[in-house]
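Below, each structure is written out as structure tokens.
In the two complexes below, chain A is the common chain; its partner is chain B in one and chain C in the other.
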Partner chain A sequence: MMPMSLRVARPDPAEKARPIIGVDALSISLRNRFGETRSIVNAVDVSVHSGEIRAIVGESGSGKTMLARSLVKLLPPGMEITDGRIEFAGSDLTAANETTMRSIRGRGIGFVFQEPMLSLNPALRIGDQMAEGLRLHLNLSKEEIRERSLAMLHRVRLKDPEAALEAYPHEFSGGMRQRIMLASVLMLEPKLLIADEPTTALDAVIQRDVLDIMVELTRDLGTALLLITHDLGLVGQYANTVSVMRKGEVVEQGHVSDVISRPREEYTRNLLTACPKRRPRSIREQSTPVLEIDKVTLLYAGKKRWPFSASTGVRAVSDVSFDVRPGETVSVVGESGSGKTSLGRVILGLRAATEGQVRFRGKPVDPNDRVSMRQMRRSLQVVFQDPGSSLDPRMRVKDLVAEGLRHVEGLDAKEKLARVLTSVADVGLDENFLNRFPHELSGGQRQRVAIARAIVMRPELIVLDEPVSALDVTIQAQVLDLLDELQRRYGFAYLFVSHDLGVVEQVSDRVVVMYRGRIVEMGSRDQLFDHPQHPYTRRLLAASAEIQQQTDGSFTIRRRSPQEAAPPPGQSFYDGAGSYDLMPATDGHLVAVTRNEA
Partner chain B sequence: MIFQRFFRKRINAKIGALLLSFFIIAALIGTIATPYDPVLMDIRARLKPPSSEHWFGTDQFGRDILSRLLVGARESLTISFMSVLCALGLGVTIGAASGYRGGSFDRGTMAVLDAVMAFPGLLLALGIIAVAGPGKWGVVTALGLAYTPGITRVVRSTVLSLREREFIDASRALGNSDTFTLLRHVVPNCMTPVIVMGTSLFATALLSESALAFLGLGVPPPNPTWGGMLAESKQFASTAIWIAIFPGVAISLTLLGTNLFGDALRDHLDPRMNGQ
Partner chain C sequence: MLSYSLRRLALALPTLLLAGILVFALMRLVPGDPALMFVGDVDDPEAVIRKRAELGLDRSLIEQFLLWSGSILSGDLGTSVKTGSPVATEIAESFPVTAQIVLIATFLSSIIAIPLGMIAAWKQNSSLDVGIVGFTTFCLSIPSFWMAVILLTMFGVNLGWLPTVGYVSMTENLLEGALYLIMPVTALLFTELATLTRMSRASTIDVLRLDYITHARAKGLGERTVLWKHAFPNAFAPTLTVLGLLLGHLLGGVVVLETMFSLPGMGRLMIGAIFARDYPVVQGVLLFIVMLYVVINLAVDLLYPAFDPRVKL
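Let's look at the complex of A and B:
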């Protein structure tokens, strides 16, 4: 069974007869310029009762966002409701006009969007923005508005609500902005809150904080919550009921405990099995490292206040050392701003290290030495996060894959084509794809093309910069399997940069945890996941859910609860201030401790 | 087919293409043969209204207006086209290099271009013609240079945003040189706004050519251009309105054609407008 900590106070939704919102056989289609229509949502029934948290889970293109938007009738141009009823508080919204809808939006149904960076107006103070809704829907005096805003900002645990009212959105981090968004929406005490992927853009630790606050507040205010997400881990931890959507249809719905642990539908089962999980990895012999990172520091130069004055730089990477051996997968994990991507750029020679050195096959990587860089790049390849952005939109697949071969001497056109064909086949695509453009491919296929482009050179090391975080779970699982298979066949070493601990747990031999440009802990995968030492590593682990398949075929989702660990005797864990040393906790397992200056 | 897709349900594309091809054909005819010699003066036939002999009438020197319009089409369209081409060539080169290199090179070029942009386009063209001398190529140079800063700005800002895209890093990570990356990956991807801007500049160039001719700084007489014909007609407009009307209509219709076509092109190249 799952831990019930967050769900105890909820009344059983099934006992309340009348739902707050009831969607009955709703269909939505998209009409294009030529008058052709395509079905986006097809005869969907969903209802949310008072006090219920319902999750709608699905992959991209499942229609979950359009379903959510149709409830407040904020569909993008071309989308229209073609059939069905939406009943909210006893009235039919499909027939409601714009005036009625405006009185319902905000006051009756609140909406929180995915991207907190975009959903707050950068030109308005937080206080003014929060006041907008109150002024529109309630007749309150200035003082009352201010009082309510302050109280709400308190409840979302913003540090200094008084100052926040006077501040602008850019002064807050993504997590804080999403809390502000939440505060301003819930301040109107809507009966229903729709949250469309509210934490997808946030780091794992912050994601958990925001969701905890959201669930706590909706419970206190008696607001029903419709949570749109792609993340089954979140569903398992926070929702009471779930509807699984696929290609515009609800394939399965019911209580979370039933749907997750005993899925009836094939698709739900696929979703669950596609979630990354730990797999045995063969232990390799110790050999000479292919990549050595030796005390690398990267300083981004800041603006100079005055001419000739010293610039105030930002330390993106600070004194980082580790190595990668042939054929192994080393993961670098950390949240945004931890310096993991900057480190990747230094390793690839796209940026020069300010101090320290990266050595590839014993030779220093130096972006200024063009000749040796060009040779090195044949053996040092990269796959980026977003294949939509890393593939030139104007080139065909065959040209994209063949591009690197320009730098391999002595290949004629025939041999090049043969190499391209092999690589494309290696990543599981066939010849029909050769003449396509990136926009004609799905996300997973694009990432396969990006991988083919990297392996066509037969490199020794591939830097994988968040290679699956832009993909749906089922596609993610396929791409991870592909990477694993290629590694076994060709013996590539992978440097896997990621923020997703689940994925890291599945693919890594060794893991490096970075925090604010420094390594806080490093060790083999099992050491790190089973016996995390540093408090930051433990926080990261605690923020991620683990989906396990039991021997009887049922599934469980649980939060990880790593045990406390004590620092080595006479030391304290490094907390970001001063210098630090990496101390061995056990064999090969290093953890950062504050350097004793005495 | 790509053309069918472009023209389907786009009335402005159809009208625009029709008007433009009409004038291009006229220009081609003008190169091959005209009913009369466009520069031959015939004092006996001066200021004749349209008739079966002279379809569009004659001007103050007895020259056949239809013949002059046909030849003028060639001149005017070439001047506009060449000056746009010149602006595109210069603008794309400077803009791409400046945006991609960045740093002090970028700041330097942009400062110079800002200074150039501070002059109104026509005034700048006037100055350049004063230096380069009037005539067809003088006008082309002047208009081309006057339009370069605008194109440069557009290209530079597109390149700046492209530079952050991962396929540029991907190209460098494959070992490609900066020049190759720029030519192969950056420039082709910023052509969409450039093409759209080019069509609208074409219309502006056509108009500016008329304005320059009106000021007596265009192609010197007796060679006909539409703008020149319009300029010469001003003394006789009250008595022989046809001298002014026909070149005026030709200019207006070409402008209309270009603008309609440009609009359709912009819609077509904007991915959000492509009905899926």
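Let's look at the complex of A and C:
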């Protein structure tokens, strides 16, 4: 066991030294237009010392983002600091005016936001956006600004920094944009960097790259880091100290090793136990598959410039085959662009496969055959990622759940109502929820309604498309438990599409790993997590932390470090080019390889 | 960009054909006979028949349509039944009058309304915001003919500062021409102000909520830079679309204002032609308006990438 070994070693921040930023009994309230106030942050003490990485961890509504924003006094309208002190570099920021704050923002305290797709201005060139801060805070010539920008883009390992300066944000992927953000913020060498969920919107592998760069740069520049996150895995891997927030208050804080391995507070322990963990799965006997995916290829036609001109297509899914048996959970994992969502659309009959066939209960899924599609959809249900947009805001819970039953023959109104009531009870909601609208529900409750809507049909297979990635970790754990319980009670088969390996490890019987439209590895959950073969699978695993509870009740967080595997003789692992074969590594464990040229 | 423009113009051809058929058919559905209108209240059936033959109205509708579209393809919009002058000349004389008023009014209202909307958005829910929105709503509620009457009585009749009736081309006499334009432009400006301010305010509010605005502030930038450099280019694009539609709509003729101020613009040309059942003029003007819409919307779309680099043509 190597607990937290990869966390960057730093000199232990001297407790006696003056902190870079010290927050003392800070309270923030939200005032609505009728003058009523609601407390958002309540008497919080937090400090960050030079060279320290402090994480603030909490679920949505904990006030962590507002606390972070209050440090640069950029609270949204209606929010105000009502009490307390923020001391930065010896001066009290709560008393500072706008002009002082402006000179501190960017130069003294840098800020990186969660959504790299939204935090760079789409209308301005990267070079302009980077130069802006330098021009404002430092007295530099045009050439110096350009040189510094290039050097910084180089340090965040961006390919071709020269071209990047002239480019617009939309020309970069999310991970690249977040690196650009880091470069432009850290270029001013602030004393403190506040990163608000900086990688939550990114894929696991990219998330790790960005965080590694961030930690490396802040260490080199001597910048203290305040990392706002909901992800305990990140805290365990990167932070020195942690403050756990709940409902506007800090419930526990201290060194990461103390707080995580021996949490004193009930809430911290709940957060840790809620993190997904491997659980024993009962092995099912081989039976006839409910879903067969047979050499499916999906080609998206490109845009045509002129009528009749040839279009260039994009191969979203290539030659994918696997099946799902009754009562089991098969997960499809991969980063964005891996084709997992496109495959899901083919399975649901929302798109016709360009080649190959999907068979549900032995019958081909054909989007053009409306009669059989209608029958099939009763037994093939789906739960989407974002319950906020997958539930019609104008329908009540009971109507949302009952809607699918309209087309079920042989059920009278009374029986239908009974079914709705059972399903709503099955997902753990009581009758008071029946007449509510989606906006009156929390995120977790909405997802429960979405699940009730799927199970009311008593389907054989439910496609779960990232069903818990929009939810807080404690809610996520409840929803995963619910899904597990429903599966045991009704015997549904689940096709679980996700990028979160922790969740996949907890729920799956078998796992399919996709990369650029192809399967690179598939096998049982234990085969894949214990003996990953393909380098891509290993990269995915290495990017996700593993949280374990020891027998003595303490917790450890570690990076997975899967062992390297050798490809079969005369072959190498398939890497997106060359021939493609799925070869058995062990029984039922397949890995993609390329035959080496003789 | 050139290939895109050509493609767009090529796509306008079916639009023009459809508009042509529609205009042609609609005109003939309206009761009334141009020949009868021309000859007048004289009880001379022979003269009417002669006139009909002269105008080609005795042929079948299909033949009439083919003749008309054939001459349009050769660049001839036909001749006015009422005045006998070519339709192209009539348009060339009246369009500049309308265009002058509309372009000046739209330009002025844009440079007033867009910053006004942005400031209202920036100070959302403050008394300044309420004031600006209230003022523009007030402007919108004033009918343009009433505005025209008030202006005419105040500045034309009571004060005698401005000429009330007529029109002098600015190309002939710049100062005098400008004097004739002040009142129509003012009346039009007030109606446009409200639409543009509200559009600009709404899109600025949307943009100001986004992360990159907070990020710009977190860099330490001042509010003016945040507003003009970061918010404006992103907030302007939707306003530009509305501006294009507004312009197309107004350039087709501002009938009420042209009538109130006795200006020989496109709106009056059109109304006159409709009453006289002057088929060639109505058809010609309508085709010209359709073309105008196509060109303005193309211009707006070509301008789009300047404000939003994500848009690819």
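The rule we apply is simple: the second predicted complex is superposed on the first by the 579 of 598 C-alpha atoms of A that agree within 3 Å, B and C clash if a C-alpha of one lies under 4 Å from a C-alpha of the other, contacts with A are read in each partner's own complex, and residues count from 1 in each chain.
We take it that a residue touches a chain if its C-beta (ideal position, glycine included) is under 8 Å from a C-beta of that chain, and two chains touch if they have at least 3 such contacts.
Everything quoted here is computed from the prediction, not taken from an experiment.
**Q** Could you look at A:Arg102 and tell me whether it touches chain B, chain C, both or neither (first, second, both, neither)?
**A** second
**Q** Now for A:Gln381: first (chain B), second (chain C), both, or neither, which partner does it touch?
**A** first
**Q** Check whether A:Asn32 is in contact with chain B, with chain C, with both or with neither, and answer first, second, both or neither.
**A** first
**Q** Quick one: classify A:Phe113 as touching chain B (first), chain C (second), both or neither.
**A** second
**Q** Mind working out whether A:Val72 is in touch with chain B, chain C, both or neither, as first, second, both or neither?
**A** Touch status of A:Val72: second partner only.
**Q** Determine, under the contact definition given at the top, whether A:Leu348 touches first (chain B), second (chain C), both, or neither.
**A** first
**Q** State whether A:Ser390 touches chain B only (first), chain C only (second), both chains, or neither.
**A** first
**Q** Based on the superposed arrangement, let me know which partner A:Glu132 touches: chain B (first), chain C (second), both, or neither?
**A** Once the two structures are laid over each other on A, A:Glu132 reaches chain C alone.
**Q** Can A:Phe322 be said to touch chain B (first), chain C (second), both, or neither?
**A** It touches nothing on chain B or chain C.
**Q** State which residues of chain A lie in both footprints, the one left by chain B and the one left by chain C.
**A** 33
**Q** Where on chain A does chain B make contact in their complex?
**A** 30, 32-34, 36, 38, 345, 348-350, 370, 373-374, 377-378, 381-382, 384-386, 389-394, 403-404, 406-407, 450, 453, 457
**Q** In their complex, what parts of chain C are in touch with chain A?
**A** Touching chain A: residues 3, 7, 124-125, 210-212, 214-222, 225, 229-230, 233-234, 307-310 of chain C.
**Q** Over in the complex, which chain B residues touch chain A? Could you list them?
**A** Chain B residues touching chain A: 8-9, 165-167, 169-177, 184-185, 188-189, 273, 275-276.
**Q** Which chain A residues qualify as touching chain C in the complex?
**A** Residues of chain A touching chain C: 33, 72, 74, 77, 102-107, 110-111, 113-115, 118-124, 132-133, 136-137, 168, 170, 181, 305-306.
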